[in-house]
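Note that the chains take the letters A, B, C and D in the order they are written out, and that residue 1 is the start of every chain.
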Amino acid sequence: MPMTGVLRPGHAQLRVLDMEESVHFYTNVLGLKETGRDKSGRVYFKAWDERDHNSVILRQADRAGMDFFGFKVESKEVLENLDKALKAYGVTTERMPAGEMMETGERVRFKAPTGHTFELYAEKNHVGNGLGDFAPEAWNPDQKGISPVRMDHALIYGKDIDGTRKLFEEVFGFRVTERVKLEDKTTDLAAFITCSTKAHDLAMVRHGEDDKLHHVSFRLDSWEQVLRAADIMTMNRVSIDIGPTRHGITRGATIYFFDPSGNRLETFCGGYEWYPDMHEITWPVEEVGRAIFYHDRKLNEAFLAVVT
Amino acid sequence: MPMTGVLRPGHAQLRVLDMEESVHFYTNVLGLKETGRDKSGRVYFKAWDERDHNSVILRQADRAGMDFFGFKVESKEVLENLDKALKAYGVTTERMPAGEMMETGERVRFKAPTGHTFELYAEKNHVGNGLGDFAPEAWNPDQKGISPVRMDHALIYGKDIDGTRKLFEEVFGFRVTERVKLEDKTTDLAAFITCSTKAHDLAMVRHGEDDKLHHVSFRLDSWEQVLRAADIMTMNRVSIDIGPTRHGITRGATIYFFDPSGNRLETFCGGYEWYPDMHEITWPVEEVGRAIFYHDRKLNEAFLAVVT
Amino acid sequence: MPMTGVLRPGHAQLRVLDMEESVHFYTNVLGLKETGRDKSGRVYFKAWDERDHNSVILRQADRAGMDFFGFKVESKEVLENLDKALKAYGVTTERMPAGEMMETGERVRFKAPTGHTFELYAEKNHVGNGLGDFAPEAWNPDQKGISPVRMDHALIYGKDIDGTRKLFEEVFGFRVTERVKLEDKTTDLAAFITCSTKAHDLAMVRHGEDDKLHHVSFRLDSWEQVLRAADIMTMNRVSIDIGPTRHGITRGATIYFFDPSGNRLETFCGGYEWYPDMHEITWPVEEVGRAIFYHDRKLNEAFLAVVT
Amino acid sequence: MPMTGVLRPGHAQLRVLDMEESVHFYTNVLGLKETGRDKSGRVYFKAWDERDHNSVILRQADRAGMDFFGFKVESKEVLENLDKALKAYGVTTERMPAGEMMETGERVRFKAPTGHTFELYAEKNHVGNGLGDFAPEAWNPDQKGISPVRMDHALIYGKDIDGTRKLFEEVFGFRVTERVKLEDKTTDLAAFITCSTKAHDLAMVRHGEDDKLHHVSFRLDSWEQVLRAADIMTMNRVSIDIGPTRHGITRGATIYFFDPSGNRLETFCGGYEWYPDMHEITWPVEEVGRAIFYHDRKLNEAFLAVVT
């Protein structure tokens, strides 16, 4: 695939209001594996089939939200090149030293036009999925709770989504897969962009306030796993925003729900394989309901209003 | 994703013994869409969710097998560069003129060390999946038979699989995801390689005769679709080689079956998402049964013996 | 199983506002098979795997709703016995002559305490499911639209649900599987009753107006079929009330939706196997949300208000 | 449903060669719950959604096989009546006292013409499924291994299957759902009989030796659970006979596998709902392959030969 050196969404650092309650939730309900805690009190998690040490980091704070979202790149050389490219594009970058985040190498940090902090990094220690690299079994039976396969993408809210989209397109080589257009048929209400064959690795919605998180998303293997996830949410009295249902955009089947601090998360499955020779898909704002919630065909109140 | 300009497996030309019977099979049983016929009598098909004009081409012949397997590349520039790279690697290439294959641009053709003919091309006309690019529905209800989503990969048999693997690695930037090792723990019995985040875009098994096809594979969306495919095969008295079952390699769930000419095909679902920072997986020959057929844990006789 | 001679819900006659539009909907969207039309203009349908001639009958009228709901009984002898038992219980019965409904024998009709008209019958002509009785295939590929397996049950609304429940228990041998209790912990808000090993063959909710239909329900084979049903509803812009989701009561996975006349229908799958030695399940009204919509854990406005 | 007082298959006592190994297998691999051990060393199990104390009892012995298969009946009155009916039919019965089997009332035991020991009982203590009868959750997350919903049926082998079938039909009111006919088109090779709406509660195959067990079967909720079961078998190196596949008879999706003593078990899902007004299905011996293994369309060697 002819793309840049960005591999995938690699980590998200989320702010939570009560660490103990949150660790219980992310471990036993969402079913991530706790992989470590650092001196500053942050707790690190990975999804079962991820091989790197961590993909979700929780930090206790007095308000919910996402501190930053990181992408793993192919190599240290790519990291250096993308840092230069960011600067050439006019973006200020900052270096976070290796080890500042557990088991993770040096990170290049920058602020996107929507106010979100993003990071690039080339190194995170490989801890594996418990199956080994030699004649492995098909999956790891040591799982709790919903137990997604991997952290998959985020949907962010902010003002200048054109600026953030362009930065990812022009500096990192992301490609637009789908857009929702406002009444003027020109302005994007939302854009979905990818650095792989996934229908989206990052998505953004135009919103009056910057640096907001709509959701961080976790991949499940099947629609039956989506039902099981919803059941587990109810058994644990997790606040479900919507679902199980399907998105028109990406075709993925989904549940939106909230962690105990009010951060929206998603568990989903499916979605088409995207290739760069496919035509971009456009949704008019009149169809935004079906675009987002394919069965209800209307947005719920929370979709545009509730972010952290 | 930091890879080369090869997008994906794009087309396979298969030899069939009786065109009428084969068109019935590929249309009504496998459930591809016939998209055209050319002057030489070849019949063109696409899977429903593919956007390009064709992915399977049938040619009547007196013996079954695969004439060639083609990869779509990102652009004409990439095509020219890869042609040069092939020549620099010592591979003779041939140009097939635009239009020689329906709705398809110029192709660069070459023979791999295992004797298989491969092609690269940059252009094939976009005909879409019937849903359009504007506020599309989630899928196209106009489907017949098994109706896979897309043609996905091929497994080829030949002598010098090291040579073919290296060519794809060194010239096209493919990466090895899994291998089966012979008793000497050194020689590859089989290698699985990818140019995307799929667990394989091409696979090869060491075999005494060159230029042989084990199977061409078609993707389904779910394990329930795999069961439905097996049911449809029985209703049509299609010869099933094995399945439904799972592969240990790639984790995909699968059925192997034969077209009326004896060409083995596969319908499958699932398989993990591969990234270039993942460790290569190795299977010893003692575990080849579980590697290939995860539930039976032994090869059936046909696996190593029946090819076209 | 030690029960009475009532086999199952056999037919529902629904009132529709526009027959042509309705025939299109029940044929192409819900995917029933039209099996006949009678002189009075009624149109008859069956689900694909039902063997009897019809299970849904549409009658054009100026308001929507259900004319009557019929149960098939084991034999003409049982029919006579149950007629006598009804009379002995103080219920007036009426005979509908054989042939008044297409391909259907004599029916015993009566009004239940909630004002609903029920029928019993012993004979409806066997037309089969298209697979025959000799070495049949696993299913019939000749299907359109959602294509449920069979008509399964109805949920009715009325005032004296105690009376209707008791009649079905005492005269027909139905058994209560689950109940929702009002705040007084004594009065039933809802009761679910069965004459088989299904979690319900009939359900009833206490309501200020008699003879109301909440929904007629159709069985699907799997949760994936439920998703497919929801997709088909959206493709056809069918009004979806709620779902896909799960019921706490019965555990079934469900979609509620409306036919073009506003009659609520359900497609569902799953639900436990019930046996008469199982304990009755009770839900307090505080848990009615989770009882009905297991994931949302609250009733939507339509559940108690919208009936026909 | 107009049937007799037999509720369902209630318990199977199996002989195992090594109790410790077997308890591990039935607990951690098959995923039943151990519910008790008696003085004679027998170990009792139930499937998670069963409400009675036990459904599988293991007894250590020097050869594998099934000691007896028990059916629960509706009441002690029914038990007395069926005992009398058995005697009137010419069958010798024996009383096993209450408590001889843990938490189980008095049993009526008899030998069927195929030499198998069957039992009837009316009482087994209700221990529930862990969810309670008050506003229960949809399922119990405390599960290990394959974890079937319930023990479902058995397939027995013996000489006089006509005699055993007739006994169950004439004394207990079972009904034939499907048959396989030998070349003479008259003699049954196999018969499937039911006392409920299940496609079979007991099945029998004509065989040269009496009192043989082909398999005891356990119900799963979905085809995805069947795949998961096969995966768990491979992870535990369980001997799989065949599957995942589908039966033509009953339409159920299945895996046959062996416990550590060589007793064949089945995990399956699906199968149609049977009603007594449905036509009996007949399979000629020429189609027995498709009847038993719908996708392979031929019997494997083990099907007719390997029994315990």
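Just so it is clear, a contact is a pair of C-beta atoms (placed from the backbone, for glycine too) under 8 Å apart; a residue touches a chain by one contact, two chains touch by 3 or more.
Since this is a predicted model, take the numbers as computed values, not measurements.
Novice: Is the number of contacting C-beta pairs greater for B-C or for C-D?
Specialist: C-D
Novice: On a CA-centroid basis, which chain has its centre farthest from chain C's?
Specialist: So the chain farthest away from chain C turns out to be B.
Novice: What is the distance, in whole Å, between the centres of chain C and chain D, each centre taken as the mean of its C-alpha atoms?
Specialist: Measuring from centre to centre gives 31 Å for this pair.
Novice: Taking the mean of the CA coordinates per chain, how far is chain B from chain C in Å?
Specialist: Chain B and chain C have C-alpha centres separated by 48 Å.
Novice: Mark out which residues of chain C touch at least two other chains, giving numbers and ranges.
Specialist: Touching at least two other chains: 137-139, 222-224, 231, 234, 246, 290, 294.
Novice: Does the chain-touch network form a line, ring, star, complete graph or other?
Specialist: complete
Novice: List the residues on chain A that touch chain B in their complex, please.
Specialist: On the chain A side, the touching residues are 1-8, 49, 51-52, 72-75, 78, 126, 128, 133-139, 149-150, 195-198, 221-223, 246, 248, 251, 270, 272-273, 275-284, 287, 290-291, 294.
Novice: Which chain A residues qualify as touching chain C in the complex?
Specialist: Interface residues on chain A, with respect to chain C: 223-224, 227, 230-231, 233-234, 237, 240, 243-246, 253, 255, 290, 294-297.
Novice: So in the complex, the part of chain A that touches chain D is made up of which residues?
Specialist: It is residues 137-139, 141, 222, 224, 231-232, 234-235 of chain A that touch chain D.
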